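Input: one structure, supplied below.
Chain nomenclature is as follows: A, B, C, D, E and F, assigned in order of appearance, with residue numbering initiated at 1 for each chain independently.
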Amino acid sequence: MNETGYLKILKDGVWTQNTGFVALLGLCPLLAVSNSVVNGLGLGLATLLVLLISNVAVSLIRNLVRPEVRIPVFVLVIACVVTAVELAMHAFLPGLYTVLGIFIPLIVTNCCVIGRAEAFAFKHKVAKSAVDGIATGLGFMLALTLLGAVREVVGQGTLFSQADLLFGELGKGLTLHLADNYRGFLLAILPPGAFIGLGCLIALKNIIDSRIQHRATAQPATVLIEAKS
Amino acid sequence: MIAAIVVLSVMAGVSGLLLGFAAVRFKVEGDPIVDKIDAILPQTQCGQCGYPGCRPYAEAIAAGEADINQCPPGGENGVTALADLLGRDPKPLNAEHGVVKPKMVAVIDEQNCIGCTLCIQACPVDAILGAAKHMHTVIASECTGCELCIAPCPVDCIDMIPVAQTITTWKWTYPAVTAKAAA
Amino acid sequence: MSRLYPFHGGLKTVRHKTESNQWPIQRAALPHRLTVPLRQHIGAIAKSLVQAGDRVLKGQMIGQADGYISAAVHAPTSGMVAAVETCPVPHPSGLPDLCVVIDSDGEECWVEHQPVDYRALHPSELRNVLRNAGIVGLGGAAFPSAVKLNLSGQCEHLDTLILNGAECEPWITCDDRLMRERATGIVAGLQVMTHLLEPREVLIGIEDDKPEAIAAMAEACVGTGYQVRPIPTRYPSGSVKQLVKLLTGKETPVEGLPVDVGVQCFNAATAYTVHRAIDHGEPVISRVVTVTGHVSQPGNFEALLGTSFADLVEQCGGYREGVERLIMGGPMMGFALHSDEVPLTKAANCILAASAAELTPAQPVMPCIRCGACVDVCPANLLPQQLYWHARAKEFDKAQDYHLFSCIECGCCSYVCPSHIPLVQYYRYAKNEIWAQEKEKQKAELARQRHQARLERLEREKQEREAKLRQKAPAKTIKATKASEAGIKLDIEAAVAHAKPHPPSSISSHAEEGESITDYSARTPALPVEGGSRGSEPLSSKQDA
Amino acid sequence: MRFKIVTSPHISQDVSVGQIMRRVLYAMIPGIAALTGFFGWGILINLVIATVVALLAETVMLTVRGRPLALHLSDFSAVVTAWLLAVALPPLAPWWLTALGIFSAIVVAKHLYGGLGYNPFNPAMAGYVVLLISFPREMSTWLIPHGLDQPHALSFLDALRAIFSSEWPARFTLDALTGATPLDALRTQIGLGLTVTEIRNSPIFGIVAGQGWEWAALGFLAGGLWLVYTRTADWRIPAGMLGGLAIIATIFYLADPQHYAPPWFHVWSGAAIFGAFFIATDPVTASTTSRGRLIYGAGIGILVYIIRGFGGYPDGVAFSVLLMNIAAPAIDLYTQPRVFGARRG
Amino acid sequence: MKDYALILVGTILVNNFVLVKFLGLCPFMGVSRKLETALGMGLATTFVLTLSSICAYLSDAYLLAPLGLEYLRTIAFILVIAVVVQFTEMVVHKTSPLLYQVLGIYLPLITTNCAVLGVALLNVQTRHGLVESGLYGFGAAAGFSLVMVLFAAMRERIVVADVPIPFRGAAITLVTAGLMSLAFMGFAGLVRG
Amino acid sequence: MKKIARSMGIAALILTGFAVVGTGLVAVTYSGTKNIIAEAQRTALEASLNQLVPADRYDNRVTEDRIEAVAPEWLGTDQPVTIYRARKNGQPVALFATPTAPDGYSGPIQLLIGVYADGTLAGVRVLAHKETPGLGDGIEARRSPWILAFTGKSLTDPPQEQWKVKRDGGAFDQLTGATITPRAVVKAVRRFLEYVQKHQEQLFAPAAGVK
């Protein structure tokens, strides 16, 4: 099995080392913005963009930077990228911009952005860094969207409400109402629901992982038994 | 636009000055963590961790090259202690590096020993006594049970035997087991 | 009445004293074979002075104290040494220990009695007499008494000498009977102790459910100035630190001993053995033991050390139907025995044959609900539930932060725990682990030093070799060292490779050698170990060290 | 002869967790009786629903986790949780509300942590708060106690129907049956600028506190005192809590008697007595040291007052208990008793 | 005076940064394994947060705002923060090795604590003055430290609880944080406005 | 010493370099998006105003025809409140403002109110509030139609003394289980209407009156 290279980076970023579920980085936006799918998707996209650009940028400049100013330079680069993205969102997705509020500039301190810059982009070539940025971003977006979906469904019984914020007029039709006169379980939308929801998703991931592992190890185990008998 | 660039470059410049100053004035000192890690390792010097001795393994851990669960002689307690020291989550021992075994000591079958001194050279803690062409003995109290003397012996006269339990080495066991038996 | 200073916690337990305290102490029959363990005390095992085939006289020393904290062992009767070998002994592990097995000749032929006038002897000589008489604490700990009778270096002047006649454990009545019947002997022994320790006052603490013993002791004390103090019946008032607090109001420091606050404490039976040793020249070869519980006729026996428990039970008319465990000591602190074919030792004050009726039925263990009942009863003022919590999680450091080592293992916490958690065992386990880890650390440190020394030696040798080579043939040097370096590297690599788990084939080849392995284990002597008991006597952790 | 090897002590007191829990249930009976007397069958129906759901949830979780069923079901802790939560719910709370609350309590707050003994948060109160913040409307529609302007009692069937199908008997309107609880009334009307005396002239107030409510409190006090007497609950927690509440209430009352209700009103109102003896005393989630329990109790009392007086909720027992649950481990850490023989000070 | 008290109560309890506002969660989850580390992190954060919110205020009020460069806030603030953090590290290192032992290792982690940038941005958003900015920063950090220390004490207990296997580790920690946040909702309404 | 200076210099240079490049890029983006943003903000504002007053009822740029008013007793806040005016052919049509209802259940409630020049309400919306979710938040248009009931009402319809919730004997419904929030909103709307009635002239004064 050859898992090195791009595929592994992708798998790590999206699943094995998922920032939201495993590394527990970037928790603030993850929890704060995931009260609906659309919010989650929006911030996820923005973060993905920032991650991609900043990873590429850091990878490009990695030979120019001295260790003592490494962090400030990264921070500076990321801050510039974020500001540009922020301005763009303000211009083209004003509704979403208002909803996400302070969490757009806070992408700067999203631990996973600087974390990837430090841990990956700084040590790898541009192409790999780009893939890593995309993978990490996708992973983060996955976490955001999943959590957003769970919270939205449980909390208000809808999916893709306010999709127009992201997709414009087109999005208005996207909203799904899952049950008529669903009373809504406010807890899911309120802060405690974010924590508990993420906790449950992580537990779910653990269960899936252990199933996978179980299946993987099940085979050799039977071989052993056969060998014995 | 010009104002923007000027303001930020000034700020960045000042920061740079400060940080450059800091970088030289406050160089990072040596890494005391290695000693702390080494103090936890059992000093069996057996090499099961994949490093030639405990200290190299300690250095590897400190450098982030080795995981904390590679030392079977240290057992579960060792891993927990390392995890505690390094602020990580404890994990089970990596079976690739062997499993926890009961404490053993080496014993040389004195009838068969040809006095080749190879085991003496292999023993990392000088626990074997003897001179060339004379029968060798293991000082049981110094032997760490690392098994490194077994392979070199040309006549296979060294055996590892479990340390026998006596009243003085006996320990109360973890109660869960007894509790279940009682229930 | 002078005042008492109650300690925190403690319990009113069931008593069960009347089963055995209604009859005088009986002399147990002389058995045919006596198995005398060489380790009946805290400290180093006694050195055997006899071999199989030797003839011994009653009272003859057969094991010599080995070091300061150790005690002599004597032949309980005259006869032939059948063997010096490991035999089952009363120990929670059920493991055997080195014993002298004596086949009695039935003649009870004494060595010469050598009573001494204690007033005439120098204190250190007097202590030697006691040491040679094998006197250890009979209150359960079996700590060599001579050590406790030596104040030098421990405290300037002793305020109080306490005679512990509390006997707070349920079922046990041996001290009760002894005090009733041999009060003058006890007081005589106390006088020897007083002579050695010169305390300002002597207090005798006896639980108030033993009015006869109190009366007898009070009578025997007339004219001595010793005061008998009835104390409330509350377990564990017999525990030395609690008794000291109760009688004097002084708290023994956490890691200290009563002497640190100017108090010393001895068991009543210990005082009696002192009297026998000094005034009659008899070493400790017998003791009074309570045999009680589910036996036909419970009672107290004065039995020779080495008599098997089975014999003693036989003399009580045997077990009644339904005995499920045999306990040495009381039900609160005693340990269950694996077999009754074990010899009586100095520390054995009670043999309790328990049936389901005497015990509370085993109940399933539930999680701790943090109810705090254990906190209320803990005489050491600990937080037993926290100790448990950390011991269970094997967080030994934290357990120590909660003063694990202040726990006297009295069992009060387990007694009241509604979740029926075997708390005390967790504490014993944790203490044992900590000691073992400590030992391992020391061993590791030693190994590190030796490894270091070896590396240095190798380095030195290499340099010397190089120097020599350089002198001899400068041209070859480089090659040679390279080769030798490579050799060393190869060695290490081979070793590392070897250390990796064996492939299955090599495992099977090891299995073939299985026989020879067992062969060896029989031949190898036990590893040298420092003296010291593990866990069975909590109070001694300092003395131990 | 083979002997059983068991470690010491070999004897023990004859108490069990199940017994302790059952005592709590017995102690609640007088209070529940009073509540039923004033609020009707709904209380009892809630109790039954809660018990059934709790046992069901407990069974499912134990089965999933592979734990011995009989052993843990017979510890009665789930029933205690169920009763405590049920009593705190409005009498005609729809069945799903009760079920959801119990689910949150037993599954999330208790079994995710390993079940009995391991939960850091009081399960009943966690369940209660989940409901309170998710369904504030349902949670604040309390019935008006009997004996006020409401001579007509809801029959058992009416109550059943109201709970299971949210249908109210046509005879009554919702508004006629329900009303603000005394604490709620006090809170909102002080907000309107009325004085305490004016407010307490309203018929919903009785001798010391709310009409009807005060008798329930008396019932719970009796049961609670019995719990303390049997040492099922540690006296320090209720003492600390009621003491803390009374002291802070006294301070404010003395400062401005027209704006702040008197201490006896606070102590006797809402869930203060009930909470002090039955909820704060949950041993699993409270502090376990002696001093810690006093502090823990006092903390709850003070928080209750703060939330009642200045916060957004009419009563704050549940929140205060949860907040002090958070602090309990830290309190324990800093209030360890002086070990026997340790130096003083 | 009352306003200042309200700011403190508001930031520490009602709008607790971690539990309600969702800022600074990564260190909250990452450094709360042990009580001592939580305490150290709390102290370090309190210091940096107070200082950096003042510095950020100053740079905004006297540099960016007059020049109409508000859109550069993020960049400017993060730069200020990075410098404050490093500068603090430097000063502490120089003046007190002891303090460095306690705080030193946490300082670098603070740059990426989004509470720091969050406070700076929120200060601007709510138009706080100098003193208010400092207080707001201090309150936020005090709230952060408070819940962090309590959380650490809880976690020490939870790690040894019999938690179902899928929930061991991060999952149960998050659930605990959730229940804490639930409890903190009790403070809602304490500070109006 | 020299080493320090060198290190400082290099660090400063690197940082400055990146700052110049980075800021340059951002500044470019900014100037590129500045107008779009302003435009987007304006459309957003207009969209929300148009919910109350249809766009074809006026022809001026409402977002630019505005004044600021400070009137704590009437508008419920110490802060200046922006008032937008809609005109057709220069004639006053309606005005919009964002007053506050200070006494909500858990804090102030920010409203958006539109009033026609004749004093009838074009509509009321809630911009920001902290009321209890599930209870007081019924005042949001997307949760319940309650707030729509204001449309078309004026100080005379219902009569002044009926400007209360039903429980207090007025004409407006309360929300089930929550009286306080609607009470606060009704009161704030009435106050604003009174304010408009009193200051009609100044409020509609032509753009010159912009403060």
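We take it that contacts are C-beta pairs under 8 Å (C-beta built on N, C-alpha and C of every residue); 3 or more make two chains touch, one makes a residue touch a chain.
Treat the numbers as computed from the prediction; the structure is a model and nothing was measured.
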item: Most distant chain from chain B, judged by the mean position of its C-alpha atoms; value: F
item: Middle chain, criterion being Cα centroid separation; value: E
item: Centroid spacing, where centroids are CA-atom means, of chain C and chain D in whole angstrom; value: 51
item: Between chain F and chain A, distance of the C-alpha-averaged centres to the nearest whole Å; value: 34
item: Centroid distance [mean C-alpha coordinates] between chain F and chain D, Å; value: 43
item: Chain D-chain E separation of Cα centroids, rounded to whole Å; value: 34
item: Junction residues of chain D - those touching two or more other chains; value: 4-7, 108, 114-115, 118, 130, 133-135, 312, 332
item: Sequence positions of chain B contacting 2 or more other chains; value: 4, 8, 11-12, 14-16, 18-23, 25, 172, 175, 178, 182
item: Residue list for chain C, restricted to those that touch at least two other chains; value: 92, 362-364, 367, 392, 422, 425, 428
item: Interface residues, chain E side, partner chain F - complex; value: 71-72, 75, 79, 188-189, 192-193
item: Chain A residues touching chain F - in the complex, by the definition given at the top; value: 61, 64-66, 68-69, 72-73, 76-77, 79-80, 83-84, 87-88, 90-92, 94-95, 98, 184, 186, 189-190
item: In the complex, chain F residues that touch chain A; value: 7, 10-11, 14-15, 18-19, 22-23, 25-26, 29-30, 33, 36-37, 40-41, 44, 133-134
item: Residue numbers on chain A that touch chain B, as the complex places them; value: 66-69, 72, 76
item: In the complex with chain C, residue positions of chain E that touch it; value: 157, 159-160, 162
